[in-house]
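Chain nomenclature is as follows: A, B and C, assigned in order of appearance, with residue numbering initiated at 1 for each chain independently.
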C-alpha cells in the first residue's frame, strides 16, 4: 500500500536522523563528561591507575580518544544491542525498561487527558467566540504560556499541601510513586490514586493550553469556510454544519501538531519527574549527568529522538487517516 | 475605499516628512494605540531600569553577608528581606533580573538573526541546498534540548568548565531556539518570491540582492520583530525552568531561576524569598506577552485600517 | 400582465393578493418566491453598512430571474439573506415569502426545513465549496438524509447515482466514492448542482456559478443548470456580473447598483430598451465577441458610493454623465417606465428621473466614449513593419517526477511544445485557450530570456542565445515590460506609488530629477492625478491600481508590453476604461502588445491578431476578425461558440458546441492530433478518416491570413455536441 511505503520511507529518514543526533550526542557527552574526576573525590581516594583500570573493564576507558570510544560503543550496540554500562557498573539496558515504565505510567494519563480536554475546550471556546467563556478559557491558556513548567508544578504541590493541611489528613502525596510496604488490594489502589492525583492534575491543567489555542484557531478558520456554507444550504443547522464539517477538517492540522508536542511532553517530563520525584527516564538522565555518566546520557538522547520520530510518524499516519488529499499522493 | 479618509489623513501627515519615516511612524502609532501593549512596554522598561539602577535602592550588594539579619523578612534596612545566608534580597533580585533580561535579549536577538539568515538561504538557494539544510534543521528539532543543556552545563570538560554557567546556557539555548522561526522564514520567503511584485522587479532586471533588500526583508521584518519578543520570553522561561531544577545557571551566578529554585525548599518559612523573584519573572514575561500582542496588531496589515476595507469587501 | 416581475394588477386585486399572503395562503398563479422591501445592514468598524436597500421581486414557478451587478452591489447578500445564511449580526428587515410563507425571522432550525428542499443554492467557488474530507457520495447523500430521514440507504445511494448521472458525471456509480480533490473545478460545480437539486427544490439560487471556470467549462455547466431546471421545474435566480451569461437563460433581469435595484424588466426590456444610465453604460462597456466592433468601449468613471454614508440622492449621480442638480436632491424610486416604446404593463421599471428621455440614445455618446485611436502603424502593411518579438520553435517540457526520497521520472509535461510566432510594431497579438493550455508558460518563457532555453526568443533584434551577459539582458528588459493579472499582488503594499514607479527607472540609473519628471508624465499618461504619487496602492481602486501597473510597465519606454490577463480581475464598468487606455497607449506610443486572456470578447476588441493554443501548441492563428468570423479549427469554433453574447434573441436561437470533458492532462496527450479526444468534428468522422487524426500530427498550414492545424477544417460537427435551446 502506498501509505505504508510512504511511512516506511519516513521511518528510514528518521532512522538516519536518530543515528546522527545520537552520534553527535555521544561525542558531546564523551568530551564533556569525565566520570574519572568524580572518582577522585571518593574516600579513600583511588589512584588514577585504579580508576582507569576499573573504567576499562566497564568499557569506559578514559585513556582512549573519543573516536575509539565511539567505535567501541557503537560496536556494542550493533552487535549485542548493549548500550554500555554506568560508572558504577550497572548495565544501561537493565535499568532502561524500569525507567521507561515509570515515566510512561506518570505521563500516559495526563497525555490522554490533556489531549481530550485541550481539544474539547478549543472547540467549546471557538463555538463561543468572544463570549465570556471563550475569553476566560483562552486567557488562561495564554497565562500558562508565561509560566515555566517546574514552577507551575511546584505551585500545584503547594496547593495540594494546603488542602492536606486544611483537611488535617494526608489526602495527596506530592512526591513519589507509592508508599513502601503498602498492602495489596484496596489500600494499594487508594495509595496509587493519592500518588497519581497531584502530578497528573498538574501536568494536565498546565498542558492543555497549547491544544486549546490551536484547536480554537483551526476551528475558527473553518467555521466560515465555503463548505460549511454549502452544508448549511443543504439544510443542516449551523451547529450540525460546524460539528460535521468544520470540526472534521480542523482536526487535520491538530493531528499534525501533536507530533511536535510529543517531544515537548518528554521535555516537560524532566521537570515533572524532578519536581514530583518519580524516578523515570527524566530523573535518571539528570542523575546520570550529575554522575558524569556518558552511556546513560547518550541512551536517553537516543530515546528522546526515537520518541520524537514515533510522534512524527504517528502524526503522518493520523494525517493520512483524516485527510483524503494526502492519501493519493 | 470606505475608510479612505483616515488613511489618507495618516499618509498626508506622513508625507510632510520623509515617506519612509512615515511608515515607521504609522506602525509606531498603531502600537501606541494598543493600551495593553503600551502597559507591557512600560512595565518592561521599568524592570529594565530596575535591573540597571535598582542597586542604588540598597546599600548592600549581592555578596556581602549581613550577619545581624539572616533569613529576615522585609525591613527598612533590607527592603525585600534577606536570604538564608543573610544576603540582601533586593540586591540579588536586581542582579537576577539583569541576568535574565540579558539572557533573553541575547538569545532572542541572536536566534532571530540565525533563523533569518538560515531560513532565507534555504528559500533563496532551494534545491539540494534546501533539502540538506532542512534535514539538519529537523535533526536539531529532534534532539531533546534539555539533555544537551544538562550535558553541556554540568560537564567536567576542560574547555567548557572555564566558561561561566550563564554563558554556557546562552550558547546552548541559542543552539536550540532558532529552528522554528527558520522554518517560518523559509516558507514566508518562498511565498514572497512568488508574488507578482517580486516577479515584476525581476523582469525589470533589478538585481537579486536589491530585490531581497527592498521587497523580501521588509516583508519578513515584521515576523522577525515579533519573533524577537517571543524569543526573549522563551529564553527567560527556559532559563528559569532549567536553573530551577539545577541544570541551568549555577551559584555563585545569580538569576531569577536560581533565586526561585533556591527558595522553594523553604517556601513556608521564607515566603518572600520565593514570591519576590517569581513576581518579577511574571512581570517580565507578562509584559513581553502584552507587547507581543500589540506588535502583532501594529504589523499585521489585516488587523489595521487597511485590512478592514478588505474584509468588508469580502463580506459583500 | 404576462411579465413576472412585480406584477402590478389593479390596486384592489393587489390588496386581495396581499390579504391572501398575509393569511399564509398561496394561490397557484402566485409567485413561488416573493421578496418585499428587503434591507440588510452590517455593522462594521467604520459604521453601519447598508448593503441591501429595499429589494423587491417576485419569482414565478419555472422562470429564471437574473440579478446583475458588480462586486459590492448587494446581489450576493440578497441571495444569502433569502437563504438565511447571513451572520447573526446582520440586521435584516422586510419580507421573504416562499409560497406565501414568511421566511425572514425564522430560526436556524425552522429555516433548515426550507434550505436544501424548497430553496437550494449553488455557490461561486466550486473548489472550496465541498468539504475536502468527505466523498462526494457522502455529501450528496447527506443532503438527501436531512430532508428524507426515512429513506433507505440503498434508495439514497441510487438517487445519488441518478443525480450524478443527471449532471453529466461519467461512471457515476464509481465516482460516488471519490473525494472532491479528485474532480476538476467544472466537475465539482456539477456535484454542487447535484446536491442543490437533490430534493427537487422549487427555487434554485445560483450565485456566479461559472465565474471561476473556463469558458468551455462554463458552457457545460450552464447546460447542466439548464437541464436541471427543465428536470425539476424549479424557478432559478441567477446572480452574475456577466451580462452574456444571463442573456440566454433569464426571463427577467434585475440590475442592482449600490445595494438597490436600479432597473428591472424582461430580458428584452433590459438589453434592448435600457432606461437607466447605469444599465446603458454596462451594456456599452462589454465588448462583443460576435461582431467586429471597432469603436471604443463605454467607460463609467468613478467608483460605487460608500454605503456607510446615508444616501441623499441618486447613488449613480457621481458617475452619471447626465447628472443634474435634481438627481442629488432625493434618491429616485423604482418606477414603471412610461415612454411609449416599452411593452408597458409596468413590469419595466427604472430608478432614474430621466428614464423617459433615454429612448434610443447611444451610450457611447452620452458617456463620452473616446474616439477610436489611430496608430501611425495602422496604415502600414504588416510586412513592412519591424518585428519586435519573434519566437522560433520554443519548447518547455517539465519532467514529471514521482516519489519523495528517490525521485523517478514518470513522464513529461509538454507545457509549451514548439511555438513560433512574431509580433510586429504597433500590433497586439493575443494568446487564448483554456487554463492549462500553456499560454502562461509561454509568457514566462519569453520573460525568462535565457540562453539555455529550447528554441529562440528574439526581442528587439536581440536573441536569447546571445544573452550571456547582464548587459544584453538589461537591453532586452528596456524593450519589454509586463503588466500582471492581479493589480493588488503586483504592487508591493509597502511602496508608495512613487516608489513603485521609480523602481524601474532607478534600476536604469536615471538621475533623481529625471525620475520625478518621468513619474509625473506617467501619472498623466495613465489618467491618474499626479499629486497621488505619495499614496499607497491600497488607497486606490482596482482599476486605478491596474493603471499604476501599466504606468510602471511604460516607465522605461518599452516597445513591447506583455499583458497577462490585464482586465480579468476588474469589474465590468472599470474594465472598459482600462481597455480604452490600453488601446489609446498602443496608438499614441506605437506600442506592441502580447496579451494572454481568457475573455475572448476582450481579445476581439483589443487585438489585431490572435493565436489559439491547445495543450502547448498553436492550433489556429491569424488576423483577429478573420479567425473570429471564420474559425477553421474545431477547437476555435467550440471556444467561440462557448462565449455567451449579451443579446437575448441571439443567445436563445444560436447553436452552441458543447465540448465534452475537461482539458486532458498533458501527460495523457494523445498521439496524432491532441484535440481528437474532445473534437466535435472528429466524433462525426467516418472511421477511415479518424485514423488519420489518431496517427498523424496535423501541421500548421496557411490559408490567406490564417493558419490552422487540422486535417478536416470546417468539418461537420457531431450532433451530440451541438445544442440549441428551443
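The definition used in the following text is that a residue touches a chain if its C-beta (ideal position, glycine included) is under 8 Å from a C-beta of that chain, and two chains touch if they have at least 3 such contacts.
In this text, all values refer to a predicted model and were calculated from it rather than measured experimentally.
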(request) Going by the contact definition up top, give me the pair of chains with the most C-beta pairs touching. (result) A-B
(request) Specify the chain with the shortest distance from its C-alpha centroid to the centroid of every protein C-alpha atom present. (result) C
(request) Farthest from chain B by Cα centre, which chain is it? Let me know. (result) C
(message) Quick check: how many Å separate the C-alpha centres of chain B and chain C?
(response) 49
(message) So the centre of each chain is just the mean of its C-alpha atoms; given that, what is the distance between chain A and chain B in Å?
(response) 25
(request) Would you kindly tell me how far, in whole Å, the mean C-alpha position of chain C lies from that of chain A? (result) 54
(request) In the complex, go through chain B and note every residue touching chain A. (result) 135, 138-148, 150-152, 154-157, 160, 233, 237-238, 240-241, 244-245, 247, 257, 260-261, 264, 267, 278, 281-282, 285-286, 288-289
(message) Which residues of chain C touch chain A once you look at their complex with the stated criterion?
(response) 83, 85, 108-109, 112-117, 120-121, 123, 125, 128-135, 139, 142-143, 146-147, 179, 181-182, 192, 195-196, 198-199, 404-405
(message) Under the definition above, what is the set of chain A residues touching chain B in their complex?
(response) 14, 17-18, 20-21, 24-25, 28-29, 31-34, 37-38, 142, 145-151, 154, 158, 260, 263, 266-267, 270-271, 274-275, 285-286, 289-290, 292, 297, 300-301, 304-305, 308-309
(request) Can you check the complex and tell me which residues of chain A touch chain C? (result) 6, 9, 12-13, 225-227, 229-238, 244-245, 248-249, 252, 322-325, 328
(request) Over in the complex, which chain C residues touch chain B? Could you list them? (result) 42, 44-46, 49, 51, 71-72, 74, 76-77, 303, 306, 308, 447, 473-474, 477, 481-482, 484-486, 489-496, 498-499, 503-504, 507, 534-536, 538-539, 541, 552, 556
